[in-house]
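Several structures are given next for inspection.
Two complexes are shown next, each including chain A; its partner changes from chain B in the first to chain C in the second.
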Partner chain A sequence: MIELRHVQKHFGDLHVLKDINLKVEKGEVVVLIGPSGSGKSTLCRTINRLETIDSGEILIDGKPLPQEGKELAATRAEIGMVFQSFNLFAHKTILDNVTMGPVEVLHRDRKEAEAEAMELLRRVGVAEQAKKVPAQLSGGQQQRVAIARSLAMHPKAMLFDEPTSALDPEMINEVLDVMVGLAREGMTMVVVTHEMSFARRVSDRVEFMADGQILEEGDPNEFFDHPKTERAREFLESIKGH
Partner chain B sequence: MRDALFEAPGPKTKRKILVGTIISSIAIAAILVWVVLRLYQMGQFDASYWYFFGQWSTWRFLLQGLAGTAEVAVTAGVIALALGILFMFGRISKNRVVSGIFRVIINFFRGIPSLLLIYFFFLVIPSYGIKMPAFWMLTLPISLTASGVLAEVFRAGVNAVPKGQREAALSLGMTEGKVLRKIILPQAIRYVIPSLISQLVVVVKDTSVAYVVSFPDLLQNARVLISNYDSLVSVYFVVAIIYILINYAINELAVRMARQSGTKVVTRAQENPV
Partner chain C sequence: MSLQQLFSTYGGMYVKAYAATLEMTVVSFVGAMVLALLVTIARVCPISPLRRLGDFYVQVFRNVATISLLIIFYYAFPYLGIVWNEMTCVIVTTILVAASFGSENFMSGINTIGVGQIEAARSLGLSFGQILRQVVIPQALRSAVLPMTNLLVAVMLTTAIGSQVPLNPQELTGLVSYINTMSVGGILPFAVSALLYAGTAFLIGLAGNAIDKRVRILR
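Right, the complex of A and B next:
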C-alpha cells in the first residue's frame, strides 16, 4: 500500500534520509523507532509530502505520490495524519474540527457529518467535549480528537508522528488504547514512537533508524529482546530506564 | 492588571516609589495650576470665549463635522481593510515577481505621509482632468496609506499562526487556498485585532487634515467656529476632548474584543521536531 524506493533527502548539508526503502502492506502496523535526529519523523512526513524528497520514489497503492495540486490533496485526504503537537484547529470547536474534513474536502452534508463525528468522538471517549474549543481540553483528549478527525475521512492508512511524546505520562495510555483498537481493526499504520509496549502488542514490524538510515528491521519482540546491531543495543539500553 | 515589566517591589523600593509619587504629583499639580492661572490672566475663561457652547446650533455644527469625520474614517477603514488583505495576499505569493511588486506597493504606501498623498490627489490628479469630490480626495489617500500598514499587520498575523495548523489542514486534503481561507486567515485576524484597531485610531486622526481639501469634518467645522467667535483655545480644547473620547472608546472596544477572542485561541506549546 505504501512503498518508498531509494528515497534521499537533505536539509542543507545534513543528509537526513539515506536511500530509504520501505514497504507497508495493507493492514500492516509498522513502528519507526530510533534516537532523535535519526530522520524517523521526516520519513513519516514524506509519505504525505509534508516533507518533499530529493530523489527516489514514493508509491501509494502502486501509484507515484502526486507532487502538487488537486491530485496531491486527494491523496492526502486518503491518508490520515496525527501529529506530536495535536494541531487541532484552534478557532474551531471539537465537533467542527472533526467535521471540517468531511464537509470541506469530501463535500458531505453537514448534518450527516456531525452525526458521524459524534459517533467517532464517542468511540475515542471525548463526546462530552464536543462543544468546547481545543485549548480547553487536556493533551490526551486533544490527541484523541485529532485521531477522530483523521478517522472522519475514512483513511486507508494512517501516519502517527510521535503521537504520545508531548503528553503527560498519565495521558499516554488513553491515546495508545485508541491506537491499539485501530490496529486490531486492521488499519494500515505507520507509527513513529518510543512506546515499546505499543510496538510489542500490535506492531507487525519494527524499523530501527539512526543517522538517516534504516539499520535494522524485523519482528518487534525479536528486535527488543535480541537487537542485531550495536547501535540498536545502545539505543534500547538508553531508553530502558523509562 | 499590573504591567508585568517589573517584579513585585520590596520595602526599600516601595519607599522610593512613594517618595517619587508624592514629588511628581506635586510637580504635576503645580504645572496645572500655572497653566490655568496663565489662561485666566490672558482672559481665556472670559464668557465671550465660552457662551456659544451653551447654544444648540454650535453643537449641531460640531456634530455635523463629526458625522463627516465618521463618514471618512469608516469608509477609509473599510477600504483599507479590504486592500490590506489583498496586498497581503500579493505579498505572500510564492510567485517572486508578484510578491516583489506587492512588496514595493506596500512599502510605498506605508512610507508616504498621508498628507503628501492627499496633496497628490488634490493638486496633481485634477490637473489631468480627473474630477473627484472632496470626500474621495481625502478618503482614498487615507485608505491607501493605512492599507500598506494593514497588509503588514495581516502578514504578521498569518505568520503567527503555528505551522502545524497548516500541516493538519493540508493532511486532511485541503488545497492551499482553502487552508488559507478556512484555517489560517480566521486565526490570523484574531491575533491582530488589537493592531487593527490601533490602525483605525490612526485613520480617525488622519481625517483631521480634511481642511486641505475643504471637506467639512470635525476640525474643519471647528475652524469655522473659531473664526466666527474669535475663540481659538476654547474651541480647540473642546474638539480635542471629542477626538480623545472617540479614540479612547475605539481602544476600549479593541481591548474587549482582544480579551474575548484571546481566551478562545490560546493554544498549547506547538513545536515540531525535525
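Right, the complex of A and C next:
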C-alpha cells in the first residue's frame, strides 16, 4: 500500500534520508524506532509530503505520490496523520475539529458528519468534551481527539509521528490503547514511537533507523530481544527503563 | 470666548464636524480592514511574486508620511488628470496607510497559529483557500481584535489630515483652525475637539476589550 524506493533527502548539508526503501502492506503495522535525529519523523512526514524528497519514489497503492495541487490534497485526505503536538484547531470545538475534514473535503452533510463524529469521540472516550475547545482538554484527551479527527476521513492508512512523546506518563496508555484498538481492527499504520510495549503488542515489523538509514528491520520481539547491529544494541540499552 | 459663546456660535458646526470625523473614520477603517486582509493573503500565498508585492506594499505605506500622501493625491494627482474630491482624498490616504499597519496586525495573528495546525489541515486534504478560510483567517481575526482597536483609534486621529484640504463640512481639527481664524477662540475650541477625540477613543477601547473577551482563543 505504501512503498518508498531509494528515497533521498537533505536538509542543507545534512543528509537526513539515505536511500530509504520501505514497503508497508495493507493492514500492516510498522514501527519506526531510533535515536532522535535519525530521520524517522522526517521519513514519516514524507509519506504525505509534509516533507518533500530530493530523489527516489513514493508510491501509494502503486501510484506515485502527487507533487502538489488537488491530486496531492486528495491523497492526503486518504492518509490520516497524528502529530506529536496534537495540532487541534484552537478556535474550533472538539466536535468541529472532527467534522471539518468530512464537511470541507468530502462534502458530507453536516448533520451526518456530526453524528459520526460523536460516534468516533465516544469510541476514543472523549464524547463528553465535544462542546469544549482544545485548550480545555488534557494532552491525552487532545491526542485522542486528533486520532478521531483522522478517522473521520475513513483513511486507508494512518501515520503517527511520535504520538505519545509530548504526553505526561499517565496519559500515554490512554492514547496507546486507542492505537492498539485500531491496529487490531486492521488499520494500516506507520508509527514513529519509542513505546516498546506498543511495538511488541501490535506491530508486525520494526524498522530501526540511525543517521538517516534503516539499519535493521524485522519482527519486534526478535528485534528488542536480539538486536543484530551494535547501533541498535546501544540504542535499546539507552532507552531501557522507559 | 466663553464656552457658551463658542457653542452658540459654532455648536452646529461642531456637530457636523464630529459627524464628518466619524464618517471618515468608519469608511476608512472598513476599507483598511478589507485591503489589509487582501494584502495579508498575498503575503502568505504560495505565489512568491504576490508575496513580495504584499511585503512591498507594507514597506511603502507603513513608512510614508500620511500628510505627504494626502498632498500627492489632492494637489499632484489633478496634473495626471485624476481629480478626487477632498473627502475621497482623505479616505483613500487613510485606507492605504492603515491597511499596511492592519496587515502587520494580521501577520502577527497568523504567526501565533503555528505551523502545526496548518500541517494538520493540509493532512486532512484541505486546499490553500480552505485552510485560509477555516483555520488561518478566523484565528488571525480573533487575535487581532486588540491591535485593530488601537488601529481604529489611530485611523480616527489620522482623519485630522482633513484639516489640510478644504473639506466641506470640516472635520474636528479643521474646524478648530477655522474657528481660530474667524474669531479669537484661544485654547477652548482645541479642548472641545480634543475631548471629542479622547472620549470616542475611550469608547472604542471599551468596545474592543469587550469583543476581545468574547472571541479570545484559549491556548
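Assume the second predicted complex is superposed on the first by the 242 of 242 C-alpha atoms of A that agree within 3 Å, B and C clash if a C-alpha of one lies under 4 Å from a C-alpha of the other, contacts with A are read in each partner's own complex, and residues count from 1 in each chain.
Keep this in mind: a contact is a pair of C-beta atoms (placed from the backbone, for glycine too) under 8 Å apart; a residue touches a chain by one contact, two chains touch by 3 or more.
Computed from a predicted structure; not experimentally measured.
Overlap between chain B and chain C is detected when the two structures are superposed via chain A.
More residues of chain A are touched by B (comparison of chain B with chain C). Residue contacts after overlaying the shared chain place A:H91 against chain B and chain C alike.
Contacts of A:I147 after superposition: neither chain B nor chain C is touched. By the document's definition of touching, both partners, chain B and chain C, reach A:A77. Residue contacts after overlaying the shared chain place A:L32 against neither chain B nor chain C.
By the touch criterion defined above, A:A135 lies against chain B and chain C together after alignment on the C-alpha atoms of chain A. Judged by the touch definition given at the top, the superposed model places A:F11 against chain B, while chain C stays out of reach.
Contacts of A:E104 after superposition on the shared chain: both chain B and chain C are touched. The interface of chain A with chain B overlaps its interface with chain C at residues 48, 50, 70, 73-81, 83, 85-91, 100-101, 104-105, 133-135, 146, 149-150, 153.
Those residues of chain C that touch chain A in the shared complex are 113-114, 116-117, 119-127, 130, 134-135, 138-139, 142, 217-219. Residue ranges on chain A touching chain C, taken from their complex, read 48, 50, 70, 73-81, 83, 85-91, 100-101, 104-105, 133-136, 146, 149-150, 153.
Within the complex formed with chain B, the residues of chain A that make contact are 11, 16, 36-37, 41-42, 48, 50, 69-70, 73-81, 83-91, 100-101, 104-105, 133-135, 139, 142, 146, 149-150, 153, 162, 165-166. The part of chain B that touches chain A in the complex is made up of residues 162, 164-165, 167-175, 178, 182-183, 186-187, 190, 264-274.
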